[in-house]
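Can you read through this structure? Questions will come right after.
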Amino acid sequence: MNDTMLGRFYRRAAGLGLLGTLGAVYVALIGIVERFEPRNIVTGYLTLGLLTAALVVFVTAYRATEPPHSWGIGPPPRQHVLGAGVLAAVIGAAGVALFLVLNRALPLDAVLVNANDRMSEILGLGLEFPAGALALLGAGLAFGVAAGGLRLLAPRFRGPLIAAVVAVMLVSLMEPFMRVVLLQLGQNAISGFFYQSGGLTVPGAIIVAGAVLAIGLANSLRGEAVRERVAEMPADQRRGIQIALFVVGIVFLLVLPQLIGSFLSEVVGTVGLYILMGLGLNIVVGYAGLLDLGYVAFFAIGAYATAILTSPVSVLGWGLSFWVAIPIVMLIAALSGLIIGAPVLRLRGDYLAIVTLGIGEIVRILLLSDALRPWTGGAQGILQVPPPEFADIDFFQPQNLYYPILAFVVLGAFVAISLANSRVGRAWNAMREDEDVAAATGINITNYKLLAFSLGAVFGCIAGAFLAVKLGSIFPHNLNLLVSITVLSLIILGGMGSIPGVIVGAFVLVGLPELLREFAEYRLLIYGAVLIVMMLWRPEGLIPSAQRKRELREHEDDEDQWAHQTGVPTAMPAVERPGP
Amino acid sequence: MRLRLPERLSFVDLILWGLRVAIVVFVLVGSYATLSQGVLGFDGWRTLLIVGVAQGSIYALIALGYTLVYGVLFMINFAHGEVFMAGVFTAFFAATALADSGILNGNPLFGLAIIFAVSMVTSMVVAVILERVAYRPLRRAPRLVPLITAIGASLFLQYTFRSLYGSGVRSYPTIEILTGTFDIAGVPIQKTQVVVIVSAILLMVGLYFFVQRTRTGRAMRAVSEDKDVAAMMGINVDRVISTTFAIGGLLAGAAGILYVFLFNSVSFSMGFLPGIKAFTAAVLGGIGNIVGAMLGGLFLGVLESIGPFLFLDGLGVPSTNQLRDVVAFTLLVLVLIFRPYGILGRKE
Amino acid sequence: MTATEPRVEQPAAPQGHLLELENVNAYYGNIRALRGVSLYVDKGEVVTLIGSNGAGKSTTLRTISGVLKPRTGQVRLDGLRIDALPAHEIVKLGVAQAPEGRRIFSRMSVYENLLMGAFSRRGEKLDDDIARVFDLFPRLLERRTQQAGTMSGGEQQMLAMGRALMARPSILLLDEPSMGLSPILTEQIFDIITEINGQGTTVLLVEQNALMALNVAHRGYVLQTGKIILTDTAANLAANEQVRQAYLGEI
Amino acid sequence: MQKQLRWTAIFAVMLLALAACTNTGGTSQSASGSAAASTSASADTGDDPEAVCAADEFGCVEVADGDPIVLGTALVITTADADLGQDSQYGAHVAGDLRNEEGGVRGHMIEWDDQDDQCSAEGGTTAARALVADPQIAAVIGTSCSGAGVPAAQITSEAGVTMVSPSNTAPSLTDPATHEPFYARTAHNDKVQGAAMAQFACEELGVTRAATVHDGSPYAEQLQQVFADEFVAQCGGTITGQEAVAPTDTDFRTLLTTIAAGDPELIYYPIFTAGGALMTQQARETAGLEDVELAGADGMQSQTFLTTAGAAGDGVYTSGPDLAFENELYQDVFLPAYYELCGCDATLSVFHAHAFDAANIVLDAIDEVALEGDDGTLYIPRTALRDAVFATSDYEGVTGTLTCDENGDCADPKISVSLIGNGAYERIWPED
Amino acid sequence: MPAGLTDGVEQATMTDAAADEVEPTRGAIMVVRSLTKRFGGLVANRNVDFDIPQRSIVSLIGPNGAGKTTFFNQLTGMLQPTEGEIEFNGVSIVGLGPHQIVELGVGRTFQNIRLFSDMTAMANVMVGRHSRMKSQWYEAILHLPRVREEEEATRQRARELLDLVGLARRYEDESAKNLPYGDQRRLEIARALASDPKLLLLDEPTAGMNPGETGRMTEFIGQLRRDLGISILLIEHDMKVVMGVSDRITVLDYGEKIAEGLPEEIRTNPQVIEAYLGKQAHA
């Protein structure tokens, strides 16, 4: 047994405990605890508000039980794993308790708007003051034991257990969505059994957790065998399964709006627009490596161009059909991509970012300005944008508008994939990795950048066109930087250069907040956190493309002194094995 | 045989030349038209100039933070505008408390010193934490990565402070000694404007001497030129980078209070636009260049103040003031396209 | 001491080397730049590393000065392990370097560059050291206030060496001091190296101009693709047929 | 080659699917809600609920015996403008609560489904979609913001859901050319307020030269435009300049200097608290504007404005709907209920009374048109409900005597002008 | 000589690149006249005149910092000369972008190996082929058959080139950065060859190689000229390589040409010995 090592292990646990306190107090002070309180996870037992704070403490405690890199070979002894977890969790909880005392003693709410009694009450587990603070310590102890115990579980049990807990949270959070779907399917009874006042009922939670646990255990115990069997199948049989899955997927996509009703179709439509923009920006950022922060400019140009061309009350008053307007909008898009792109493409990464940001702002201000009011209607926007006409379908209905959006998304994905796997995609890859060498290898950098920019512009403009149609009108106010940031965030969350990534990113960052209204308040905070955390922790995104994964992890072990100057030397001799 | 290929004047060049010509013509014609209409008298233009210089001094102070950080890390600290906001937003509570207890107007110098201290220290702490948490782990990462982190940090800070302090616009208590005007050479100028300009200049000169004359300043310059070699000289590069962020934060905190002298109101989103503008100023003067940042800030302030009216009013454009940011951002775009190393910067 | 790879035969040396590398492996990304490099330098010596471009000479110096961390192996200074220390700590222990390509602070004045060299010696009187440097390099005195970037290559090299000397190093690492210099200047520089060594400074010299290097050095190591393939006294190396063929331009 | 085939397959299937929708979607959703056509539908069906519902273009809301009547709200309840929507939401809920205390409407309790219009077109769309997706929603109180109101009115009107807004003031919403048939409002039309200020300026203040400033919000832009038009048309005044700022602006000195060059006698800047206060202060400091009258609108009527503007605020005229509701119902019944509901001791914003009236008008209309089936089910024919709301006339609400016109304007617009003096608003016009 | 090298060369001789260049012209493929390049006050190249005869191997030597790489960069369009004229095959290439010069038939490698390190070896070579591919982006979207054919042909050609430079098949799908050092050098040459250059510029191709590898590389360079009929300009420090393979040698010092001639002449040129080879070498 190495005492200094053990000391370090516990010091680290204590530090993580403090971090847990800071995190929990932060979550409370920014109001999440109180704001999320009304939403139940397990109705009557656990609310989302308390869960967020508790989760912070639990996660840090769990981290504390992880043996540090310097530990060497073999896991630390059991009692110390438990000990570290308990230490971290108790410190975390004690810190929160201390904060409660402070909040009682000082008029914190004069400065911090959320430091009110309600928050204290929730953090204090709903108990009166001294009792709540004391109960916190007990809860900390329990958390510590739980964290340590979880760590000590064999991975094949740990995984399913975590999955079950996460599933309960997710299924509960999806309540608004699930309720509508069940309603649509006429399954009110099921809905009533599982859900009650916005959260899972206790039997519901048990069933969900049990089901996931069972599946997870089956998978971790038997999954390998099943996978092997699939792998051993003859090629044509495997292909058959693939085709079957594919067909099921298509059918699912086609019947989706009928399944989920008009409101969720509306949400899915919005997500679709962001997927379309994500695909476009993905070409610019993910493939060509140009950080464009003014992507909203194209969204806005598309929306306004469509509105001006199709609305009978616009300055032109042409009232063109959407289908006639769309090719014109695409042309305008490509041109605007060229015109905006041409001057800025000689700029380096960060300068490009800030200039495009500036251009996005310029476009927004111009659309709003009195100077262009005769064309854009100023703040009053352009009204009466008609939906597309096709047979007798009313495309103002989100369940119907879903199809053209889906068609364009599929088309967009198709274009993006085709290009990525062609000479063009290779040229973009090369250009992103090393512009000079790419030029010296025969790639016309300017043209390829412009191509990326213009294609991105076309995607953005089509999304804008659908926005105008979806709203039936267009106003300048929401065509701001935050659209660009949203699109950027979803690409980064999903994984730059990855098309499945874009889709997942859009559902998580655009779809979820539409359903979980409590999150609306924290949407941008969360986007910011997503950008930071992803860059620090997983720069290649959740569903990375193979290429980017290689790239963004590139410099990891290329240690340079000024990147690792602080702290004690981490290279410990790896010969000591902590004995029992 | 000498054969020049026709591709030499590319499409891009054409657009760039078109842009240059268009802007020059626009500015000249617009200015001529405005001046010939003579709507604004000499006093009017002078007022605009003073307003511009005061606003510009604040841009300049914030710009120094961008320039310092760019100097050592070669990255744009996108979140610097939020560092500025954090300090002055926090100091609001100190100022209100001081005003309520009567200290602010009873003993104004003491009160102001506390307000400045709170603001500067808060900004400094935020800047240092920002560097430690969000940038330091990414120093070896590809360029795009810390840039995206910086954008994330900007959003995160903005909305953290919104959630902590509330989303409303708060107004600082009145500081009586700063109300009224000074007569300078027969011209009445707002006291606040004078104080802002003078303090900004003092701070900038102070920074200049700090960087040029002190040991830490030299270390910063060394790190800026060559990190590896600086480390070989025995400089703790990490500490110097932290110091640089700290100084940038201190200046931003001070700029925040000066901003309040002029505009009296704070909110969570107040840092974003001044931040971008200050970045523009830094680029304008040649990023990484301290004197450049000062001049760039002043120039941008004056241009923003005078430009929209001067260039546009004569052309019959309505609501020229609304297009102020358009003028500022257009300047940013133009500078970066045609002279990316800035007006005082050197070509790398 | 456990050497895992067969070591090249080394001349006998007294116990307790000033600087010692033992079985050092270093990487750039996934490229292994040093393969089990072991070498030592004794107090008062001039030792040279020779080898072709990319053989790992500069990498060895970067590893010693802490700019690059070895993945395995040890670097010891006076018996103290320094391979895990940050670069600025290593300087304080007395390892100064004049890096390849000079890398002076070109936007600072000559005088400021010299001050930077003594950065690790906080609060000490520097006048004597500056006088010593100006004594060694009179040209620098003439250009005391000039911006360093505007000087000629030879002057910059002098400045780089002067700057390194300002740290009062117990060992001076010189990386390609003759690079880009005219023959006359090269000779001057090598004369100065001898002089510096005469004043008691230990020197580890990396040089492409192997012949000149072996002329001033006591001992030498030959590096090839990250490995030490040969070591001997300078005179022996200069006489070695293989070395003459490969590195002295003799065909 | 495989991939290519696969993609071709997708397209084929998608095209087929699109074609399929043509048939199914076409019949069910050919809504083009012409109010005129539908009004007549419920004419002679008598009291048989099934016949009435079948005749109603949009059918009926069916509330089973014992079930509550559900109303929707689509108000801004998050983000920076949350106070505005929250205030209206309490106002509407109070109306429901008061009914419930009396036993509900036709024996059914009132319940609410509260959605967020986010004060944006996107938010309005989502909120309206969420509400119309639920067949139980009888009517909607909303939206808070006009920008959200435009698409929301279209969506609710297509679905035949009556929507009454407590706070939309944009003229376009009730302009005959753009009015959606199921949309009405209890808030005043900006045209009224802008015109009132113009009238006050020339008749009371006697100014002939005025400049205007807006902040790019639809509200301010509209108000100043109406003011400018009326100022020229009715008083023969001169507009020396129409300027604009951004809501986040803090530096108005440049703007004011250029305005001063036009030598106006009055500056009308119907913007919001933060910008308004700063502009007021800076106007007082600007050379050439020493004697100019300053005037704003209800965006500048708040305690925050008074404290922020400080001494500079004295002498500023602000127009706004007359909110000094001196009736018993408001003071003795509404306000206590409001305070209890929100747990506060002051109202959050200004449109709660309009929301209260809006909800009451809707509830009265439901009471009027609803039919009871044999099994106790309540049938609320949608078009009839709309018609009943639009037929409201001389309704004594807390905001005045309300009468709806055919375009949905129901407000009894009492616009008054206050003068700020000694840090308080004093109502000075019109004299009662 | 490893098997990979010879096998590959035999295959490569079949390609059209070799067939094109059989005409035995000895006129210069590249002509440089009074080329000067300044960076601010620093003169990197001063009045350099320089010819590369058809199908020759010319070496450029000189001390570190003599301006060799700067010179290279101007020939490939990565830097624009301050003054002077560069003609390739009778066409002035001053002012052209790097990609245009590649299209005309100049390929290059880099001193410090600049591969697209996260792309596979195959993809690197295919990027090298970029300038010889014709399919447009819209054709790629439409999946025209000719795009597929071209892609297949390019892949085939890339395989040949990988064989030619002796890179094992197993490296095809490996990230370039994971290749051993020597193989990265070879891969870079394969990438340069993929554009069917008439002139190949090699910047220190043997840097970091041991004598055995260096010897093979030397032979390989000779073979390239013989079998592909291309001209080669070589920057090299290893005098054994330079002397062994060059038809002519040019010596740069301080950015100026101080000598030019046959290897034998250079070896004995006193100025060269003084400036570069080291006067003690023969002392």
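The chains carry the letters A, B, C, D and E, assigned in the order they are written, with residues numbered from 1 in each.
We take it that a contact is a pair of C-beta atoms (placed from the backbone, for glycine too) under 8 Å apart; a residue touches a chain by one contact, two chains touch by 3 or more.
What you are looking at is a predicted structure, and each value in this text was computed from that prediction instead of being measured.
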Please identify which chain has its centre, taken as the mean of its CA atoms, farthest from the centre of chain A. C
Most heavily contacting chain pair (counted by C-beta pairs in contact): A-B
State the chain with the largest centre-to-centre distance from chain E, centres being mean CA positions. D
Can you tell me which chain is nearest the middle of the complex, judged by mean CA position? A
For chain C and chain E, what's the span in angstrom between their mean Cα positions? 33
Please report how many Å separate the Cα centroid of chain A from that of chain D, as a whole number. 34
Distance between chain centroids, defined by C-alpha means - chain B, chain C (Å): 44
Chain B to chain E, mean C-alpha position gap in Å, rounds to 48
Would you pick out the residues of chain D that each touch at least 2 other chains? 79, 216, 242, 244, 246
Residues of chain B that touch two or more other chains sit at 228, 231, 236-237, 318-319, 322, 325
Identify all positions of chain E at which a residue touches two or more other chains, and write them in rising order. 97, 100, 117, 143, 177
Okay, in this complex, where on chain B does chain D touch? 39-41, 43-44, 47-48, 51-52, 55, 167-169, 171, 174, 188, 190, 259, 262-265, 267, 269-270, 273, 304-306, 308-309, 313, 318-322, 324-325
Given the complex, residues on chain A that touch chain D span 180, 246, 250, 254, 261-264, 266-267, 270, 313, 365, 368-370, 378-381, 383-384, 390-394, 396-400, 403, 406-407, 410, 414, 467, 470-478, 514, 517, 520-521
If you look only at chain A, which of its residues touch chain B in the complex? 26, 29-32, 110-114, 285, 289, 291, 293, 338-339, 342-351, 353-355, 357-359, 361-362, 365-366, 368-371, 373, 446, 450, 485, 488, 492, 521-522, 524-525, 527-532, 535-536, 539, 551-552, 554-555, 558, 560-563, 565-566
Can you list the chain D residues touching chain A in their complex? 6-7, 10-11, 13-14, 17-18, 21-22, 25-26, 29-31, 78-79, 116, 118, 120-122, 125-126, 129-130, 132-133, 147, 150-151, 154-155, 158, 170, 172, 177-178, 214, 216-218, 220-222, 242, 244, 246
Chain C contact footprint on chain E (complex, rising order): 41, 63-66, 117, 177-178, 181, 204, 206-211, 237-240, 243, 253-254, 267, 274-275, 277-281
